[in-house]
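Next up: the structures, one after another.
One chain, chain A, appears in both complexes that follow, with chain B as partner in the first and chain C in the second.
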Partner chain A sequence: MNTNLLTVRSPAGTTRAPRLDPRTKILLVLLVSMVVTGPDGLRFVLPGLLLAAGLALWEGARRRALVLCVAVATMCVLGWLLPLWWPNPLTAIVSLTCTYLIRFTVAIGVGMHLVATTSPTELNAALRAARAPRAISVTMAVMLRFFPVVAAEAAAVRDALRLRGLTGVGAFLCHPVLSLERFTVPMIASSLRAGEDLAASAILRGLGSHRRPTALHPPRFGRPDLVWALLTAGLATAAIVLPTPLT
Partner chain B sequence: MSDDTLSVPTSTPPAPTAQRPRLTLTLSARDLLNVAIFAVIYFVIVYAIAMLGIISPPAMLLTLPLSVIAAGVPYMLFLTRVKHAGPVTLFAIAVGGLYLISGHPWISTLLTIGVAVVAEVILWAGRYRSYWSAILAHAVFSLWYIGPMLPLLMNRAEYLNSPGMRNMGQDYVDAFDQTVSVTAVWIYNASTFVCGLLGGLLGAFLLKKHFTRAGLA
Partner chain C sequence: MIRIDRATWTYAHADTPSLRDFSLTVAPGEFVVLCGASGCGKSTALRLMNGLIPHFHEEGTLTGTVTVSGLSTSAAELDEIGLHTGTVLQHPRRQFFTDTAREEVAFAMENLGFPPEEIRTRVTTTVAGLADSVPIEQRLHHLSGGQQQQVALAAAIAHGPSVLLLDEPSSNLSADAIRRLTATLADLKGKGVTVVVAEHRLRYLQKLVDRVFVVRDGTIDVEWSAAQFRAVPDDVLAREGLRGTVRTAELPTLPAAGPSAANPVPADDVPSGALELAGIRCRLGGRTVLDLERVAFAAAEVTAIRGVNGAGKSTLARVAVGLQRCPGTVLLDGEAVKPRARQRASAIVMQDVQRQLFTDRVEAEIELARADVPGAPDAREVLTTLDLAHLADRHPLSLSGGQQQRLVVAAVRVCDRRIVVFDEPSSGVDRRHLRSISDQIRQVAADGSVVLLISHDEDLIALTADRQLTLTPVTRR
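Here is the complex of A and B:
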């Protein structure tokens, strides 16, 4: 296992096409979450989807762009067309759930871009440059680094449970608390063991010290940030001015 | 509180655990790493279980309370490593940030931090070592589950005007409005709190059964 906290390779490589500054990505996530879940948020769902899918295509994640579009299209069908064809209490509840979940999907789409294209080091440097408190910048960067570790441990525990035939809806329904214990205890224990290694390595390398470290590539706002900011502004204006298909 | 200290006979030195913890917000590197590690574990456990219910609303009725209960396991283990003010609130900021990225409304993040401050006060009152205050703190922290539902309350008219509802006619919408009323919301809040208590108890039980023995608590 790679116990090196600060030199983890960035998910998208370092010599690829220019990317957005992490601060821009954080602002985009906040902005989309605020407008989509706010009042009259359905107006911003389609522009938000365009932004999320556009970002995914730009970073080369075609599959994510496709999944996002398919998910939103499915929710549009279930939420808007199905109750027209077959109005009954069940479809009314499904429609209500879809009008709620469609906003989540769009916000997740923009959030996934942040997670997929930001390395822990970049996030730490960007948050430091944004004058975020040390506690927050270090915690967020470590979380980003630790996420794949926990996800891998969770998948390993799930595989082990499946091997013993302990997964499945039946087992879960018969013994919900026992199932919880079987999943959470080994997963936490193995994640903590991996976490101890990471923590020891990180502290040795000076993570969390009070001295201000310098960054090899200091975060700078560049041309991509300007382009995407203008695109976002254009989409937001279109959302406000043009009539919305989703009401 | 001062009465407690006065009632202790002078011959017996007060136990170290009974001392009021230092009121400091200085977080060591170890604290920050603990918060980050447990925040990720908490997020993954809650998300993994809550996602099982995404297939249908009735399944959600089972998986949502179960995820509150399951969250008690990492949270109680985290609390065994908290010895002063700060990490519990930072944990909420970290978890709230993760939920924000995963599509939760921003107002839910604010609520998460708010309930964590209350949990922090409860833990402080229990001198960060009390069994019951830890369980109560988990129950209070679990109230962040109200957050994702807040838009349904705040933009109520908009949701009641959703296409499925419009097609059912005004009578159905009125009946729905009355059923899923403020009372239902309070029942949801109360059941979240109760599940939080149960989760705290389960966490404390599993701490004793597994983690203390394994030297992790």
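Here is the complex of A and C:
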């Protein structure tokens, strides 16, 4: 691969890892989501998996690539092989569930690349460059920033519950509603508190204002975008032309 | 530069105003400190100045007028006020919108529509200034509290505001970081920036202030000129609930062996204790975050765990209470205990205690804690001891921050756990509450627990801890 694809010299004089333009990533997420959930969507599941795993490997997230492949393989076994080996109503329900879950898994896999490699400001700038309305660009940027906050708060609440002995399958089965309440109420309360500081700071610094925002690194299509667009086109063609093992 | 004229502000659903007839005038280039006990209204006054009141907190009631740089904050748009003001909130890490110092410094300029070329120039200049004290390429949440503060300050002023507003900037900072903060503020004052600081700790600002205002019950109670303030003795500050000179906690060092210990000793020199960790090597995200050959903590003592961000303080606490699995042995009262068993023997009082309030009534919270504890005291009795009995039927999330913390500490004491961790319990509290928190921690230790106190607050450590264990990042050695 050309070394220019591996390193990008940014205008501010710093070396940045190669990345797709956020608009390309959004397009890939939309495209994969549409084709895998549309009619005959199972045909696109394996190419979608290759794309999601390929993007994960490219960004260095080997574990995610592995988890995606294992998850899809497990669903293939449960959804297609298990009902053949052991046909009964239960495996039929599991099979039907897997034929839908496998599509979402692939779409989420591509979406995870977007979330992991795009900063809120990059996303905002890209959406503005794509002439998306302010309400959408700001909302998406805030969501992207708020996900890690909620994840961190959820992990902390889970830790607190574990220390109080309030977790475990037994506790959940005995009191499912109470267990959910004990988890969600503190999580929402602490997320809102953390979110308030974040929102106040962002609004004070002009996020969501009527001014036209600019960008430190204006979004620009580059060679990585071309390479991945060609790879995606190749995978899509293969999905249409070649026979699919999943039906 | 700033003129507040008889402002009265009541938050939505509040019974009493947070500010009443509050008047203040700050001249261009002046350095002003607003101080007072927790909840006196000083942070609310800052929110008046940056326009968060009434634009962000829309449902309250505001009377009076506020003008900043000639703009009426009620009439102007928030981004217009934001062009003239920079704000640093109490917890810098909570206000970062991006992952890196460069992006954070650029954030306001991008949103305010500065030309990209100008943004790059200013970012390059600002980052060059930060590079001496901040590892620029590191992700922001990996930086120490002091470094995060430096980045937050740089991000607040990169767009060139004439007014800088800081809400308790020294909370969560070590004495060294406070010295760096003082130098940065002195530099800004020299450049003619108008600075307003809401603070509990005051002495570190002594050489910078032009005027100090003591706020009480939402209004200005006392005004000191710079000369008058310097002459005010510490006991007068104490009466006002204020912290004077930042103490440097000098405590005996807990002997510890291994690369994570800042002052390692041979493993054989580490004495026994109620909680012993041996051969702990914890790797997270591909790097070793904690490597301790041997360390032992005594029961009925408070051990302060110190060190910069990334030194492994939280990991050590998580290993001790069984939330983090890693190679090594943990002995409790001489017996090896597995992580799940350690969880049942442990408790953490988190920095944000809202995360650990699980029920819908204060009394139910104590009942839940005492459920599996034979011989636990009656819930009402516990609440009465902690002056929370009159709140027994309230929802825990409706209590003030201090009351929530007392409730969680009460639950921990009722649980009767052997290992108790306090994680930054004094963030942003005044002198009176500091004493109260210290007393609570000491009581937990007096009950016979092994108490680990993670804190940057030198005042709290000096007041509370018996020993200190200073950790250092493994990879930097």
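Details
By definition in this document, the second predicted complex is superposed on the first by the 231 of 247 C-alpha atoms of A that agree within 3 Å, B and C clash if a C-alpha of one lies under 4 Å from a C-alpha of the other, contacts with A are read in each partner's own complex, and residues count from 1 in each chain.
Everything that follows uses one rule, which is that a residue touches a chain if its C-beta (ideal position, glycine included) is under 8 Å from a C-beta of that chain, and two chains touch if they have at least 3 such contacts.
These numbers were taken from a predicted model, which means no experiment stands behind them.
Set side by side, chain B and chain C differ in how many residues of chain A they touch, and the one touching more is B. With both structures placed on the common chain, the touch criterion links A:95 to chain B but leaves chain C unconnected. When the two complexes are overlaid on their common chain A, residue A:209 makes contact with chain B and with chain C alike. When the shared chain is aligned, chain C comes close enough to touch A:157, but chain B does not.
Once the two complexes are laid over each other on the shared chain, residue contacts for A:165 go to chain C alone; chain B is not touched.
When both complexes are overlaid on chain A, the residue A:185 reaches chain B and chain C alike. Judged by the touch definition given at the top, the superposed model places A:197 against chain C, while chain B stays out of reach.
In the superposed model, A:115 makes contact with chain B only, not with chain C.
Judged by the document's definition of touching, chain A residues 185, 187, 189, 198-199, 202-203, 207-209 lie at the interface with chain B and also at the interface with chain C. Residues 11-14, 119-121, 125, 145, 153, 156-157, 159-166, 182, 185-187, 189-190, 193-194, 197-216, 218 of chain A are the ones that touch chain C when the two sit in their complex.
Within the complex formed with chain A, the chain C residues making contact are 50-52, 55-56, 77-79, 81-83, 85, 87, 89, 91, 94-100, 102-103, 106-116, 119-120, 123-124, 155, 321, 323, 343-344, 346-348, 350, 352, 354-359, 368-369, 372, 397, 415. Contact residues of chain B toward chain A in the complex are 27-30, 32-37, 39-41, 44-45, 48-49, 52, 57, 62, 66, 69-70, 73-74, 77, 86, 90, 93-94, 97-98, 100-107, 151-152, 154-155, 158-159, 161-165, 167-168, 172, 176, 202, 206, 210-211, 214, 216.
Residues of chain A that touch chain B in their complex: 29-30, 33-34, 37-42, 79-80, 82-84, 87-89, 91-97, 99-100, 103-108, 111-112, 114-115, 135-136, 138-140, 142-143, 146-147, 150-151, 154, 172-173, 176-177, 180-181, 183-185, 187-189, 191-192, 195, 198-199, 202-203, 207-209, 247.
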